[in-house]
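Heads up: the structure comes next, in structure tokens.
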Amino acid sequence: MPTQPPTRELQTFPNPKPERDYEIRFECPEFTCLCPKTGQPDFATIRIRYTPDQRCVELKSLKLYLWSFRDEGAFHEAVTNEILDDLVAATQPRAMVVEGDFYVRGGIHTVVEARHSRQ
Amino acid sequence: MPTQPPTRELQTFPNPKPERDYEIRFECPEFTCLCPKTGQPDFATIRIRYTPDQRCVELKSLKLYLWSFRDEGAFHEAVTNEILDDLVAATQPRAMVVEGDFYVRGGIHTVVEARHSRQ
Amino acid sequence: MPTQPPTRELQTFPNPKPERDYEIRFECPEFTCLCPKTGQPDFATIRIRYTPDQRCVELKSLKLYLWSFRDEGAFHEAVTNEILDDLVAATQPRAMVVEGDFYVRGGIHTVVEARHSRQ
Amino acid sequence: MPTQPPTRELQTFPNPKPERDYEIRFECPEFTCLCPKTGQPDFATIRIRYTPDQRCVELKSLKLYLWSFRDEGAFHEAVTNEILDDLVAATQPRAMVVEGDFYVRGGIHTVVEARHSRQ
Amino acid sequence: MPTQPPTRELQTFPNPKPERDYEIRFECPEFTCLCPKTGQPDFATIRIRYTPDQRCVELKSLKLYLWSFRDEGAFHEAVTNEILDDLVAATQPRAMVVEGDFYVRGGIHTVVEARHSRQ
Amino acid sequence: MPTQPPTRELQTFPNPKPERDYEIRFECPEFTCLCPKTGQPDFATIRIRYTPDQRCVELKSLKLYLWSFRDEGAFHEAVTNEILDDLVAATQPRAMVVEGDFYVRGGIHTVVEARHSRQ
Amino acid sequence: MPTQPPTRELQTFPNPKPERDYEIRFECPEFTCLCPKTGQPDFATIRIRYTPDQRCVELKSLKLYLWSFRDEGAFHEAVTNEILDDLVAATQPRAMVVEGDFYVRGGIHTVVEARHSRQ
Amino acid sequence: MPTQPPTRELQTFPNPKPERDYEIRFECPEFTCLCPKTGQPDFATIRIRYTPDQRCVELKSLKLYLWSFRDEGAFHEAVTNEILDDLVAATQPRAMVVEGDFYVRGGIHTVVEARHSRQ
Amino acid sequence: MPTQPPTRELQTFPNPKPERDYEIRFECPEFTCLCPKTGQPDFATIRIRYTPDQRCVELKSLKLYLWSFRDEGAFHEAVTNEILDDLVAATQPRAMVVEGDFYVRGGIHTVVEARHSRQ
Amino acid sequence: MPTQPPTRELQTFPNPKPERDYEIRFECPEFTCLCPKTGQPDFATIRIRYTPDQRCVELKSLKLYLWSFRDEGAFHEAVTNEILDDLVAATQPRAMVVEGDFYVRGGIHTVVEARHSRQ
């Protein structure tokens, strides 16, 4: 049984319709990482919404990318922005929103939403 | 028993009321195609909304058209845009939206929404 | 037992309050006509919403009017626009919307919505 | 366009698993007949539930059978029992229930439910 | 891209706890086969519930098994019983229920439910 | 940051009221393990219901115990029974039910429910 | 304009299937009578459920019968039992239930339910 | 304006159908009394369900009876039982249930339910 | 037991953040007064929403204030406006809305909504 | 400002109707205590249901009693049973159920339900 999570590398493919503005939405309820302070697991649903430009993110690589956080320590705010940064770097979208919706910790339910718009 | 899916040809008929802007909406929960990477089946609900100009798409031919993807490999983003392109080519509508709402793959639920407006 | 559907004639009566803009809404779930291609029965809910001007449509005549489609062949788009045209001709309303919400055929659910506004 | 409803004949096929008791359920929201007193259309949802013995009712013939009532005058109680009788005669099931759920007439909503069990 | 559906072979593995009666439930909304009369696609949700004895059905092989019906003609009643028969043959369960919940055809929604109990 | 999941050891404490039959229910939506075939992550909600005898399971140790599966390969059926076995071994309850409710894999949603009753 | 409500006479017709026990249900939300103390209007929904023997109640006559209470003073308890008595007298059913569900009066919502079973 | 609440006297009338067992249900959301400790107002919904014998409770007198508690101090448990006792004394029913459903006090929501069956 | 309702006097306290516009909302389902015509009790839910200026209304005094209507005769429209007037006089808010939502009387459900904005 | 919670003493009063079996239900969403391991606050809804014998628990004293746990360390299982024990000791009821429904801790939602029946 393989036990190493994959490297954090997002595959893309050419946008099949770059001359059109259209929207792609992903909902990923199977996200988990570790609390950087205690090392204990955190869980979240990650929601992604974007308008591609020249590249689209490939679905399987997105799954592997999200999986790659499984053994990483990450603050809620940082990891949501990091996912946005990585997806922006990989696909250079016209616009993108990432929302991290985290399970209750210490009696508090946290949602972080970050947006990118191209200049 | 016939086993060959029909050719991908959209029938149209003259818009019975071209002098009026009105809206036609279809919801098609019985869409399936193949993953171009693995050859495994994908499933989706296709939603179409349009304002016809001179031609309307004929319902039975739309059913056959959607059926024609059954043995085709198709990325989510490409197939949604392709359906929009084919419907636009066939009917030259005043406006049209196609939404592909795909079943979970790799723990991720994907929706692609593409719009066309006439210049 | 009478078996002939009534003639397609809409009765109206004077708007009791023409100096005021107000809205009248009908929902008619008992609409059936025939598919012009196969002769098989189609079923729909017809929704009508209008702001009367000098004339209102009389309820019983509306029932008979909708009944008159029972043995007629009619495309979804055409019949929805035809109902709107007939109601507009009979009542000359300030505004009117007709929505035909048809049962699933070939795995596809169709809704046609047509609007009329007075110039 | 064909305008004659089909003859009232139920097709059956051999039960593919007669050695097993199992249940088949149909819901048919597209039923219409005529009021035997006034000739006006009636509408209903017909629900059928049965355990087949040696024969199953074929789906397309069931559709045509229900269609055949379109131009018939029929009391609610009679038509529900007639459908049960015809289905029992055609399939000789181990058990069967037919429910006719009729639209409001005269401000009254009527449901008729009839059961058959084999002696 | 592979285009051949897999062979219809159910893999099993030893029940990890045969000395205990426990229940396994699957819901599979991605089932499609062909109408044996017209060759047109049918769609269904398949629900399976069983108490294993010495063998459990392996999840990936169940997916491939259900996929294998994609190009097969199959009546609703027959295919539901066939799935039950194949699963019973492969796992010899203490008890099993299979429910096939099919999309509307000809205006009729069909559900078939078959049960197996060990003598 | 600690990165090693804890050892799989359930802490218990004396039942504060062993002379009384009462029920304790846990719902744990934050369970993840690995697929023993592919090494990919699986996710589930684990539900536990039991009547303690002399020992109760301690909540924090239950959290750590469930966490300990994070890097383990485990079939759905096996892991649900294993959790039941471990909890039974640790607490010797009068009765216990464990339900594993797993996320969709291969288009299939799986639930495993196992019960223990003391002889 | 006629102002006299119809006479209180229930029409029946022969049960089309007296050799079978089956059930007929009516829901009549348009019932109104007068408070015998104050003469003010009362409103109710009347629900009727019965298994006919040799006679069924005719729907239009039931509508007229219920209408006939419009100018009658009637206590909630009395009118519900009276409707049951009249329907029993007219149809001699195998079993019947009548429920009167009255609108709020004096801040109090009242429901009266009466049953008849044949000896 | 009259300001004196009415005396606590329940009017009854002869059961119009004593030879039949039937049920009468009241829901009275407009009940208020005073806390016997602090003199502050309490509010409740009173629900009554009974099978009358020779006498029925008259609706207006029930309203006045419930009103009569407006300026009375009353514990939740006592007032619910008192209402049951008074209704039983007045009507000698075959069976009766009274439920007092009180608004939150001190952060606690209280419901008292008392039943009477005739020996 | 004290039986006198308190005097109608609203206590206030200094707004802790007068330099900011913010909103305070109260929902008070335990309001009762008397009908000025019949002396019979009326019941309502009172909803209050305001933006304080220099003073906030004190919660316990609000409870006592609302209680003070218990033995007062008050028309629905008058009492809603009177509550708004008293609260405005006591707190001089930047904006305030009072809604009186009264129980059904004579088959009619009444809501009165009054607003105050500072010039 | 007083900072000491009240002593843990339940007041009772004589059951106003001991000759009758009836039920009293409390729902108390405002319960908080401390985790005995970490000293952090826990929150729960406490639900109580009982049939009194000679004594009823007084509502205000119940509020103070529940408040008294605010600064106490208490395991979920122990505190639920302790509340049941104290209420049983104070009122000697014919039957009683106490349910402690605790907020999520460590990703786990816990409910403890304990029952007492008189021998």
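All chains are identified by letter, namely A, B, C, D, E, F, G, H, I and J, in their written order; residue positions are counted from 1 within each chain.
Rule of thumb we're sticking to: a contact is a pair of C-beta atoms (placed from the backbone, for glycine too) under 8 Å apart; a residue touches a chain by one contact, two chains touch by 3 or more.
Quick caveat: nothing in here was measured; it's all calculated off a predicted structure.
Undergrad: Among the chain pairs H-I, A-J or E-F, which one reproduces the interface of B-C, with more than half of its contact pairs identical by residue number?
TA: E-F
Undergrad: Given the two chain pairs A-J and F-J, which is bridged by the higher number of C-beta pairs in contact?
TA: F-J
Undergrad: Using only Cα atoms to place each chain's centre, name the chain farthest from chain E.
TA: I
Undergrad: Taking each chain's centre as the mean position of its Cα atoms, how many Å separate chain C from chain G?
TA: That pair's centroid distance is 35 Å.
Undergrad: As a quick test, compute the distance in whole Å between the mean CA positions of chain B and chain J.
TA: Distance between chain centres, rounded to whole Å: 60 Å.
Undergrad: For chain D versus chain E, what separation do you get between their C-alpha means, in angstrom?
TA: 29
Undergrad: Find every residue in chain B that makes contact with two or more other chains and list them.
TA: Each of 29-30, 37, 43, 103, 107 in chain B touches at least two other chains.
Undergrad: Check the chains against each other and report every pair that touches.
TA: Chain pairs that touch: A-B, A-F, A-J, B-C, B-E, B-F, C-D, C-E, D-E, D-G, E-F, F-J, G-H, G-I, H-I, H-J.
Undergrad: What residues on chain E touch chain F, complex-wise?
TA: Within the complex, chain E contacts chain F at residues 13, 15-17, 20-30, 52, 56, 59-60, 62-63.
Undergrad: Can you tell me which positions in chain A touch chain F when the two form their complex?
TA: Spelled out, the residues of chain A in touch with chain F are 1-4, 29-30, 32, 34, 36-41, 43, 67, 70-71, 73, 103.
Undergrad: Chain F touches which residues of chain J in the complex?
TA: Chain J residues touching chain F: 37, 75-78, 80-82, 84-85, 105-116.
Undergrad: Spell out the residues on chain F that touch chain B in their complex, using ranges where they run on.
TA: Contact set of chain F toward chain B: 43, 103-104, 107.
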